[in-house]
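For reference, the structures are reproduced in the following blocks.
First chain A sits with chain B, and in the next complex the same chain sits with chain C.
Presenting the complex of A and B:
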């Protein structure tokens, strides 16, 4: 497609510089419209669910400790290798792994969210907290206790009960149920599970009336 | 316009007469869009020789990728062209899919096309904003950021990030779209054409803008091909080449769009091409929203992060790849034992190519990135030669370079 880009200008426009006046008129009109700037510290941006912010380990209400089972999947899938886990197994048969040390270097993290996605028990989460810059590096090497405290802080500022909180990366929207481990099959809105998928206008017309 | 240069300024003088002198522009110069240094040899105000120096933002992505699995290396592509990260992600995924012979469901293809075009609009808006700011039109800058903000909010709604998305996945996309996302996008598309009109009202026929752009930085079609220009820089010279049209990937073959072509090859022609591409991108997104089919978002043979069974677990996590699981996987999935593939996609800046060499491992043996910005910076020397130093700023802006992509 050949585009038309020769600027056409009439002799009237050349003399009276109408194009400048048009531009000025536009900016003048904008003077009376509502400002769109968000005055940040006073005006908080609206954070969407699934925002990838500060790291936290979910506190299990049953035990009061983290849910991690020491499967090492997050540590292996991490592209920046910022997760470090040490664990041991108790002597008795059938006992679960005990986590000795769980560390995340927040300064190396690239916030891709892969760890949340591979975690089979939804133990790790990137919360919606985004203001946690510090002046010194060591305070951003999160230990297990700090990560649990991060979760507590996040829960305290949440406006709904903890049980209803589902991170979109714990159960990716549209992911088939058979691909997920047991704890990841959380109850989600029908739109997330793929039952009521958003489809285009042309498809809605062809679907049977009870589905559309 | 010659003046004596004192020794203390530490600027090397090329000629004893003071007629010709060298000047280093950048890397801190605000109009070089990042950290580009241009070594100039000037005769008065005319550029005699222009040598762009890149590498200030080198992070070694090609080497880093050799130590990461295919899924892990995806996050590196976010940081190539950070203005249009989604288009890079899509390009990477398309390349790996062709290498590993993975099929993508139709719904995922449509979603990818939507997000790639959204990032094209984002990139073109930022280009227009900064290019106009360089030339001196401050108002357009603010107006463009207003619309870009809507798109960034939509991206956040979709995948939780505003710049580094890592949203497409090899064999599909990570998450399904929500009704809120589609509604927001539809609202954006409804208002967007009127916003493009606003930008055009401000600068399209503005005589200062025309003085700075028309007839400057001229590249003929043959010259553009010889310099390796792609994208709007090539199409502004009248060469009809668009990867989306000529080697369609994802859902581009299923939607209807035009490739805008200029003829003069000057800065104004490139500007008009990109403005027309904004219209075309909006048109593609509208068609994709209308045609969005139901179905899964990731293929059954996609190397999932959410692991359905043990074999993908091995290939994803990057444990011992020579284990027995991989041999079967290689056979089943036609993973190339020693193969290579070059796949080009059309990102906002031009043609982004990924060249992979695979030795059958779960990580690339070699990943080469053919980034358009790097080649465009190389062309800057030929374009700016013989022009005024003030037009160099306009030339850099119109080539639309991002140093993150050029230096990799």
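Presenting the complex of A and C:
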């Protein structure tokens, strides 16, 4: 490794404090540059697809209930162990697993998005809602009903039909079509599938520099 | 009748200076904000213009907490000492020809006396709060003021030698109204020493060790709250203004400018003060804080010898030239 030392300061530089003057020049230049502050309640950030915000359980239009099948993958993959699922299955053959309880502790969640990525039926999603602070803790322990209500609220404020909504985490990047479960093979624009799939910071490359 | 007129002048000066202090905080927050690519206060009024007033109202109505184990009378007196000493030195500043409340012959000495008296306020505040942070802040302030007061006094001896007077108006008159008459050029070493001591004397960055908020919470004013804290702030900003005024008077030719302004003679003086205030803020936005031993080393090993050499040089030049 090549270590780059600063050149020795000459005695003229010491007398006239050129380094301080350089620093002062820098701050003076910054004085006339554009501030990057966003005046938050007036100016809102642009939310891009793949934003990981408030949790929701997708309401299945066919049954009116959540799509969860109780496979426990999200609970297993969750790094902060904030998902708690209880389910049972009736004795007679061919019956489906019934979800008794699905809870997410939003205060413990680290918003990694693993749960929505691993879910085989796209039942859970991190929506683009980010303003849900509360004054007390209990209302941030989301139960199944609250999670479904979160989805309804998110759908209500969405500007396109629900059928067209695809969360980028529902189609993990770099996965072949045959490796995905049926519900995850969603029709998506070409830049979403394969290596080019847009998740998180990759969006910056698609936008002109002034918007990133 | 004379006394009444004098009182009116005092009130006007007080109000104008207080408004300046209030807006100096706004100016500082805005400039530092923009230098750090932020916006600074924006919410109250147009571009946050009413922010100082909101701050004033807020600090006025805040609870005045006095610690149980504090030395009560001293604790209450300390901010007043600070403010009174700083405000008193405003009386001898000549804002324009004849625009001075007390045209005394020992003006410069008076200002030195008052600015070291103001540091008594800081020391007493640190001692009476009965808290280790305040105490450390007060101790540092004492050491810093003692060492930098000397170099500041010595740096101005050259100006006194050249002007032949301690009267501030006489110093300005001695510089004349030509650009080359300013003492900035012949006294450049004196100006350098004075400028650094001025920063140290007003407890500004990079010499803000008495209130180093990263290590001493808030230094000597840790235990103060509400209006008393605001008084310390006012004293600090008035101190900045007084020091900027002294620098203007002694080195930049006071109220003299390229041309005379008809209705508002102090215009050039005020502009030069603003320039110094801007430099204060600019330095604060740029430089980190000195380490304590470096501060002492700079004061005693660099500035005082430089100032002494400057005195000898100025005196020799004056003896040769006359």
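We take it that the second predicted complex is superposed on the first by the 154 of 212 C-alpha atoms of A that agree within 3 Å, B and C clash if a C-alpha of one lies under 4 Å from a C-alpha of the other, contacts with A are read in each partner's own complex, and residues count from 1 in each chain.
Here is the rule we go by: a residue touches a chain if its C-beta (ideal position, glycine included) is under 8 Å from a C-beta of that chain, and two chains touch if they have at least 3 such contacts.
Predicted, not measured: the structure shown is a model, and the values here were computed from it.
Taking chain A as the reference, the larger set of touched residues comes from B, when chain B and chain C are compared.
Contacts of A:183 after superposition on the shared chain: neither chain B nor chain C is touched. When the two structures are aligned on the shared chain, A:36 is found in touch with chain B and with chain C.
When both complexes are overlaid on chain A, the residue A:23 reaches chain B and chain C alike.
Shared contact residues on chain A (touching chain B in one structure, chain C in the other): 20, 23, 26-27, 36. Within the complex formed with chain A, the chain C residues making contact are 31, 33-39, 42, 282-283, 285-287. Of all residues in chain A, only 20, 23-24, 26-28, 30-37, 39 touch chain C in the complex they form. Contacts from chain B toward chain A in the complex involve residues 68, 71-73, 75-76, 78, 107, 110, 139, 146, 149, 153, 156-157, 159-161, 164, 166, 174-179, 182, 198, 201-207, 210, 214, 258-263, 268-269, 272-273, 276, 288-298, 304-308, 313, 316-319. Taken in their complex, chain A has these residues touching chain B: 1-3, 5, 7, 9, 13, 17, 19-20, 22-23, 26-27, 36, 48-52, 73, 76-77, 79-80, 110-114, 117-118, 126, 168-169, 172-176, 178-180, 184, 191-192, 194, 197-203, 207.
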